[in-house]
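Just below sit the structures, each encoded as structure tokens.
Below are two complexes that have subunit A in common, paired first with subunit B and then with subunit C.
Moving on, here comes the complex of A and B:
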């Protein structure tokens, strides 16, 4: 009961923060998106030069600090790592490629649905199928193996890097790239974004909020409690959009979205599948990384690298649709995700033991 | 039958999966996990299967004792 209340309140907090940030300047239906905001941050650091998506998003820094300080206060911060870090890095790249084919992480998918964007409803189908595929491999014994205790510096790495990013943003913004137009130029005031991120980070840390966990646990264990934040975020943002006249139902003309339904399904399929293999959605990875999990930190670096690759090589989709390069990258990433899933199942390990 | 499961260092949801494999033919299970999320998930699952749960330890090392109740 206590856990159900916790995830419900976390969903409410995330929904309210998204509504507020949307009202105060963040892009429409993109008030909070871990994938897009990491992509914007990568752009502000010059890791890619797509001029319309460059901004050091304080929300990401806030989420990291919110989870970090909550983890410390609750004595849940622990430096852990060593569970297939390189594989996790590459899966992080794959998840980002999927997210930028669809144009959003699972959190943004919910925000888009709540904004009336039916392309995201189509994408939800792919997301669920991707999670089911991941569950198939989990049931076959998929594992990226154990993590172990690590030196403290390993766990403090990501929060420390974000402290540096905040210092750069406040004290020396001239060193960073900022979009003059496009979604990167749309943002809520810095302090509000930072505060919103802090709230989301703290709430997600306490509730273990995870957007794949809901479907996964419902299917695998008949445990439905993590579906609650999905519904609460949707309801909160829907009410907020209706109240602020931002709700627009339909497929065409949706903000920062395309109508290629096959690729909306496939993009989120890869996000769902990859996230199950990683053990959590992009938001959950960010929160785990902030609480000392260096495997999750490596995954977040994979998100950064993936977004830089996508925008340096024109792989990311746009409002006009997917790109040829993006479709090729999707196929490569999908092949890698399936190969990784197969190579790490217990059945294959048993077969190997029999052979040797 | 009493069983011991070491789920330390495993990603979500592997601790619950390991528990699920053994829970049907065990009277008592000692489960070791190393994070609070796994404690919560395993407790919820064990209770849904009719087990009484007691949690010991802390500071990143938890022992859950599950008894069929």
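Moving on, here comes the complex of A and C:
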């Protein structure tokens, strides 16, 4: 009961933060998106030069600090890692490619649906199928092997880097890139974004909020309580959008979205599949990394690298649709995800041993 | 023989699945479930099972820790 209340309140907190940030300047249907905001932050650091998506998003800094300080206060911060870090890095790249084909992480998918964007409803189908594919491999014995206790410096690495980003943003913004137009130029006031991120980070840490875990628990254990945040975020943002006249139902003309339904399905399929292999959605990876999990920190670095690759090589989709390069990158990433899943699945190992 | 309710946490999903299958093979009542929030901030999988005594975690692949489950639902770590 307490856990149900915790995830419900976390969903409410995330929904309210999203509504507030949307009202005060964040892009429409993109008030909170881990993938897009990591992409913007990567652009701000000059890791890619797509001029319309460069902004050091305080929400990301806030989420990391929110989860970090909550983890410390509750004595749940623990330096752990060593579970196939290189594979996790590459899967992080793949998940980001999928997210930038669709244009959003699972959290933004919910925000888009709550904004009336039916392209995201189509994407939800792919997301669910991707999770089911991941669960298939889990049931066949997929594992990236266990993690181990590590020196404290490993766990503090990502929060420390996060502190440097905040110092850069506040003390020497001239070193950073900022979009003059496009979604990167649209943002809520810095302190509000930071506070919003802190709330989301703390709530996600306490509730273990995860858009993958909810579906996994429902399918594998018939435990539906982690699906509650989906519904609460959706309902909160839907009410917020209706109240502020931002709800627009349909496929065409949706903000920062395209109508290529096949690629909306496939993009989120890769996000769902890759995230199950990684053990959590992009938001969950960020929270775990903030609480000392260096495997998740490596995955977050994979998100940064993936976003830089996508924008440096023109792979990311736009409102006009997917790019040829993006479609090729998707195929490569999908092949990698399936190869990784197969190579790390015990039952298939045994089958190969029998055949050889 | 009196059986007690136990809960084992694992480092990997695979470890939990393997232990769950072993319980079934040995005729023990067992169920896989998400790890209770009070036991962990991670979102892993645990196995709830009934046995006469707690297993030694080191003897099972990827088993992290074992807990006894009281009738009130409280968990107590099994030492050793």
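Everything below uses one rule, namely that the second predicted complex is superposed on the first by the 349 of 356 C-alpha atoms of A that agree within 3 Å, B and C clash if a C-alpha of one lies under 4 Å from a C-alpha of the other, contacts with A are read in each partner's own complex, and residues count from 1 in each chain.
One rule holds in what follows: a residue touches a chain if its C-beta (ideal position, glycine included) is under 8 Å from a C-beta of that chain, and two chains touch if they have at least 3 such contacts.
None of these values were measured; they are calculated from a predicted model.
With subunit A as the common reference, the superposed partners subunit B and subunit C clash.
In the superposition on chain A, contact is made by A:220 with both subunit B and subunit C. Once the two complexes are overlaid on the shared chain, A:279 sits against subunit B and subunit C alike.
In the superposed model, A:244 lies in contact with neither subunit B nor subunit C. By the touch criterion stated above, A:147 is placed in contact with subunit B and with subunit C alike. Once chain A of one complex is fitted onto chain A of the other, the partner contacts of A:346 are limited to subunit C, with no touch recorded for subunit B. Comparing the two interfaces of subunit A, the one with subunit B and the one with subunit C have residues 3, 74, 76, 138-139, 143-144, 146-147, 208, 210, 213, 217, 220-221, 223, 279-280 in common. Interface residues of subunit B facing subunit A in the complex, by the touch rule stated above, are 8-14, 16-17, 20, 34-37, 40-41, 44-45, 48, 58-60. Of all residues in subunit C, only 11-15, 17-18, 32-34, 36-37, 41-43, 62 touch subunit A in the complex they form.
If you check the complex, the residues on subunit A that touch subunit B are 3, 74-76, 78, 80, 83, 138-139, 143-144, 146-149, 208, 210, 213, 216-217, 220-223, 225, 278-280, 295.
The touching residues of subunit A, when paired with subunit C in their complex, are 2-3, 6, 71, 74, 76, 138-139, 141-147, 205, 208, 210, 213, 217, 220-221, 223, 226, 279-280, 284, 288, 291, 346.
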